[in-house]
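Going by the order they are written in, the chains are A, B, C and D; count residues from 1 in each one.
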C-alpha cells in the first residue's frame, strides 16, 4: 500500500474543503447553542473545521444516531405485519471534515462490537460510505489523554485522510487508508505531493502536540491493576458527587449502549434504537423489580470496568480513547482519568 | 388477548337516520382488537341487552363497547347487562354516537358516520386499559345526626327513629319547635300550630331512639359517608336537667328581664327562662349574658328557690362526640331584615311590624293574649295594611327569589285579624297572588270573601306618619292610580332568608351553598334532598323557602334516604376512586393539599422490601374519595391513578384517532 | 418619548406544508362529566348543529386534565384542543376547576411561547344547561383552527405516511 | 465573595462535635479554575472545602441520593439553592432536623465567560432563606424582573419563536441530564420513563424531546428556583431556563404568588388557587 502525502497552505486547504463541500455530501462541525455538532453543510463558512476540542461533540451520531428506526409494524385483525423502515438517511456516500484523531479512533473501537457476533449492517454501511478527514490537534485540551492510551495517535489509520499542520504555514494532507488515497487522488487535484521534509515536520508537530498533555498515564498498568479492583472501595468515593445525569455516556464517542423502544400510534408502530446509558438507574432494572445496580457506585464501577477491563478482555482494545468529552460535559467534572487512576492505585 | 365486542345502536331512527350504522359496524370490525361487531335497533331494550349477554359468552369477549346514546343515559343499564352475563360491569365503554354525533351533525351523514367510527375507535382504545373494578363496601355507623329541631328536624328525627335507627337531634335553642312553634294557626286549614306540633315534640323527647341535645351546636364533622364523627358543643345551661322538674319557681322569682326572642321581643322574659310554656324539654336555662349572678356574682335567687338544687352556676360548655353515619341538615330560616326599605320608615315607626311579630300577637298564648295591638300605644288597630314581597322578588333592594309562603300567610293574617278584631279592615298590597297548592287558592278566595279585605295590586312607595296614623302610599295598578291608605298598623311580609349561620355550617360540613346561604342540593330536580357530599341530606327551609307540608314531606324524604343508606351493614360505593402506587409515590403530599375531600392521608411503609427504614407515602381513603381526579393530574410521578379514568385510558383515547 | 420600535408581532405559524384541499381539522375535546359533558349532551338533545371535527373525551372533572393530555393530543392527531369544565363556583367537586384554570393558563402560554398559535389550545366553561353555548364554542374553535391549517409541530411521526 | 475559611471552620466544628455524618461543599477540580461539589465524610478532609464566586452547582441536588439518605448532612446553600431546599423540605423530601444548613448571603456567581451569571443578575433572593448559620451580610429580597431572554423572544413573531424552539428541541439528545441535576426532580420513577410516556415517546426523537421537556417544565412550573443546574448539565447547552422563566413569568404576573421556595410550606402555584385568578382566556 502506497499512501501519498500532499502539501499545501491554509488557503489551499480551504479551497480543498470547499471543493469537497461542493462535490460531496459533507458533514462538519457547526456551532449550535455554543457547542459544535457534526452537521450536513453546504458551505465552508457555516462550519468550523478546526472547532475547539472541549466544545465539539463526537462524530458518533453520524454512525450511531441518538435515535434510529429499526423496523415498522402494523397490526390488523389478521395479525401483525413487519416492514423495513424507509431508507437510512445516514447511509449515503459522504465526507466528514474536522474529525479529531481520538474521535476517529472511537469508530475503530466501535467496529469491534458492531462487527462482532451480530453484524450491524446499518452501521457497517454508514462506515463504508464515509470518508473521514481528520485534523490533528496542535495542542491538547485540559482533559485530553489520547496519547496515554493503547493506540498510536501519530500513525493512526482510523480515518482516511489526516490534515497536519507543518512549519511555515504549511499544511500536509496524508492519506491513511486506501480509501483515503483514492479520495485524495480524485479530490486533491492541484495539490503538490509533499517533499522529503514533510515526514520530519509532521513528526515535530506531533512531538510538540504530545508534550502539551497535562494528563499522562500508563494504560498497561491501569488495565492490569483494574482487573482486581471490582470490590474497590474507591468506586464509592469517586462517584460520590456524581449526579447520575448520563451526560458522559451520551457524549462519549465509544459508549454504545442503546435501548429499544416501540413507539406506537393506533395500530402501527416503529421500533427505535436510541442511546441509553449505564449510569441510568433503569438501565439494569429487571421486569421483576430487581435492580443489580441501584446505587451510583455500582453503575460507576460498571462504566470504568467496561471501558478498561471488560472490553479489553473481549476485543483487545480499551473502550476509552482519551478524548475527555465526558469530563468536559460532566456538570461536576468527574474525570474518567482520575477515576481509573484512583481505582487502579 | 383482548377480544372486544362492539354493539352499535340504531336508537330507532335517532342514530340510523343520520349515521350509516352498518358502515360503522364494518369500520369497527377492522380494528385489531374487535372480534365481534353488530348493530341493533334498540340496544337498551331487553332483546338488545340479550344480544350483548349472548355475545359475551359466545365470543369470549373481554370488554364491551356500546355505541349508542350518552353514557350519562344508559351506562348503568349496559353495565347491568355485563354483570348478568357474568362479566365485570366496568369492562364496558360507551361511545356516545347519538348526542355527540347523529343529533348534532344531521346535515352531514358522511362526517357523522366518520365521527361515529372515530368515537368507537376511542372507546375501544380506552377499553383496552379498562380493569375489573369492584364496588367498594364501606362499613356504616347506623346512627343519624339531625341538625335543627324545627318541624323539619322533628319530622326527620321521628321518621328515622321509627325505623329503629338511633338519632342525635341537635338544637341550638333551649327547646325544639322552631318557627312553627311561634305560629298561631296554619294555612289553609287554620288548625292550631301548637296543637299539631307539640305532640310531635313530646314524641321526640320520649322516643327511645332519639337522643335530644337542646342548647347545643355542631362544632366539627370529620369522616365520610357512613363513618362520620361529629363534635357537638353542649352549651352550659347552668341547670341540671336530670334533677330539674320544670316547676317554674326560678323564672318566676328571677329579677332580670330580657326581651323575649320567642315573642319577637314584644314582651320580656327572665334571665332564667324556658322559651315557651310547651317547650320540650321543659327545663329552663340561664342566659349567661344577662344573669347578674354569672356576670357580677350577685343575686343567686334562682338557686335559693330551687327545691331540687338543680341550679349550678359553675357549669361549663361540654364537648361531646358521636359517631354517626348520616346527617340531616334542617336549620330552617330567618326573616329577612327589611332595613333597606327606608322609604317605609322601617325602624322609625313603631307601628310597622313583621309578619312573625303579628303572628305572635294573634297567638292565643302570645304576649298580647291573642289580640293585635299597636306597639306605639297599645291600641287595637282597626285599619291594618299588609305589604307583601318585602325583600322578595326585589332585585334592587332585596333578593331575587319568591319566598313562596307570604301570599298564603298574609291571607291567613287577614283572616286572623278579622277573627280577633271584627270591626277591622285589612288592606293588602301585593304583586301577584301565588296560591299553588292543595286548597290554597280556595283559602285565598275564602279570606277575600270572609274578611272583605282590600287587595291592592302594586308596590308601596312610601309610608309616612300623619298624626298617630301611618299613611301608606302605593300604586293600585289595576286602576292605574296612586292610592293612600290610612293605617293603624303595617305588617311587612318580609322575605324568607336562610338562617344566618348557614354558610358557616355549610363550610363546617363541607357542603355547598348558594349566594344567599341556602344549602345546595345535589340536583335541583332529581336529587333535591341530597347534597353533593354523600351522606348529608337537606330538609326544610335550609335548602329553599317552603311551607309546612313541603317541609314535612322533604324531612320524611331525608328519613327515607337515611334509612336506605343504613339498610345494610355496609354500603356500596362507586369504585371510580383514586389509587396510589406506593412504588412511585415520593411522599411530597401535594395531593393531600389539593384534595377537596381530605380523602388523602399518609402512611409509613418500609423503604424497600424487608427494609427497616421507613418512608411516607400517600394513602387514599376509598370511602371519602369522590373520584374527581385532582390528585391524579397534579401527581408528578404519576403515582396516583383514577380507576375508570386512568392516564392510560385517556391517553389511549387521545392517540387512537 | 421612547422611540423604541418593536418588531411587529405577526401571529402566524410557519406553514410546513400546504393543507390538502379536503383537509379537515381534528379537535380533541376533553369535557368534564358534570357540566360540559352534560352540556354537550344537551346540545344533542336540542339538535343544535356544530361542525363534526371534535372528538370528545369524558373526564370526571377539568382538574383531572393533566397538561400532558394537551401535549399528547397536539403531538398525535389533533390540530387543536378544547377543554371545557364547569363555571367557576359550579364545580361538582368543589374546587377542581380552580386548580385546572391555573394549569391551563400556564400551559397555554407555554405552548404559545414555543410556537403554537394560541387558538390551538382553547378552554371554555360550559354548564350542563348551556347546550347552545357548547355548539357555539365548538363552531368557533373549529373555525379558528381551520384558519390556522394543519398542525405539524413536534408531531409524532405519522407512521403510515413514511 | 470568599467564605472558604468560615466554611472549613464550620465543617470542622460539626465533625469534631459529631453533629454531622457528611458535609457537602465545593472543592477545586485541581486542574482548572472550576469548582466541583464534594461530599466530605471526615474531619481530615475539611481543608478541601472552599467557597468563592465559582461555587456554582446547587448542592441541594445531593440530598436526593443514597449517600445522604438517613444521614446527618451539613451543606452550603446560596439563595437559589436554599429556595430549592425549602421546597424539598415542604415536599417532605428531607428532614430539617437532619440538616445543618450553612446559608450564604450570595453576591452572585460567575458564568462560563467569567462575568456575573444571568440568573444572579436577575436574582430575587440572594440570601439563603433557610439556614442554621449565615455567612456574609444579607442584602435582602429584590424585585422580580422579567428575564431578558424571555423579553427578547416575546418580541419575536410566533414564527420566529417557533423556528428557534424547533432547533432547541432538535438538539436535545434526551440524556435526561437536566432532570437528574435538578434538585426538585427527585421522583424515583419519572413519569417520562413510565409506560404512559414510553409507549408513545420512548425513543430519543425530536418529538419525544419536546414531549419530555414540556412535561418537565410544567412539572417545575411554580417550583423552579432558577439555579440553572439543568443548563450547566445539558451537554447540548440548550437554553432550558427559557421554559422555566416563561412559566415563572406567567405565574408571577397572573397569580400574584410568591416565587418558588421563598417561604416555607408554600408548595407552588399549581397546588392552590385563588377565586380571582384570570378567567379571560376561557370562553
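Here is the rule we use: a residue touches a chain if its C-beta (ideal position, glycine included) is under 8 Å from a C-beta of that chain, and two chains touch if they have at least 3 such contacts.
Just so it is clear, the model here is predicted, and its values are computed rather than measured.
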Pair exhibiting more inter-chain C-beta contacts, A-C or B-C: B-C
Chain of greatest Cα-centre distance to chain A: B
Chain closest to the middle, measuring from C-alpha centroids that were averaged per chain: C
Where chain A and chain C are represented by their mean Cα positions, the distance between them in whole Å: 45
Intercentroid distance (Cα basis), chain C paired with chain B, Å: 37
Inter-chain centre distance, chain B versus chain D - centres from mean C-alpha coordinates, in Å: 50
Whole-Å gap between the CA centroids of chain A and chain D: 32
Multi-chain contact residues (two or more partners), chain B: 594, 634, 647, 651, 655, 657
Junction residues of chain A - those touching two or more other chains: 263-265, 270
Junction residues of chain D, two or more chains touched: 191, 200-201, 205, 270-271
Of chain C, residues touching chain A in the complex: 76, 156-160, 162
In the complex, chain B residues that touch chain C: 70-73, 96, 98-101, 103-108, 111-112, 114-115, 118-119, 122, 510, 512, 532, 576, 594, 596-597, 626-630, 632-634, 642, 645, 647, 650-651, 653-655, 657
Interface residues, chain D side, partner chain C - complex: 153-159, 161-166, 169, 191, 200-201, 205-207, 210-211, 214-215, 217-218, 221-222, 242-243, 246-247, 250-251, 254-255, 269-271, 273-275, 277-279, 281-283
Chain D-facing residues of chain A, complex: 32-35, 37, 57, 66-67, 142-143, 214, 240-241, 243-247, 249-251, 259, 261-265, 270, 272, 274-275, 277, 280, 282, 295-296, 329, 331-335
Chain C-touching residues of chain A, taken from the complex the two chains share: 72, 74, 86, 263, 265, 268-270
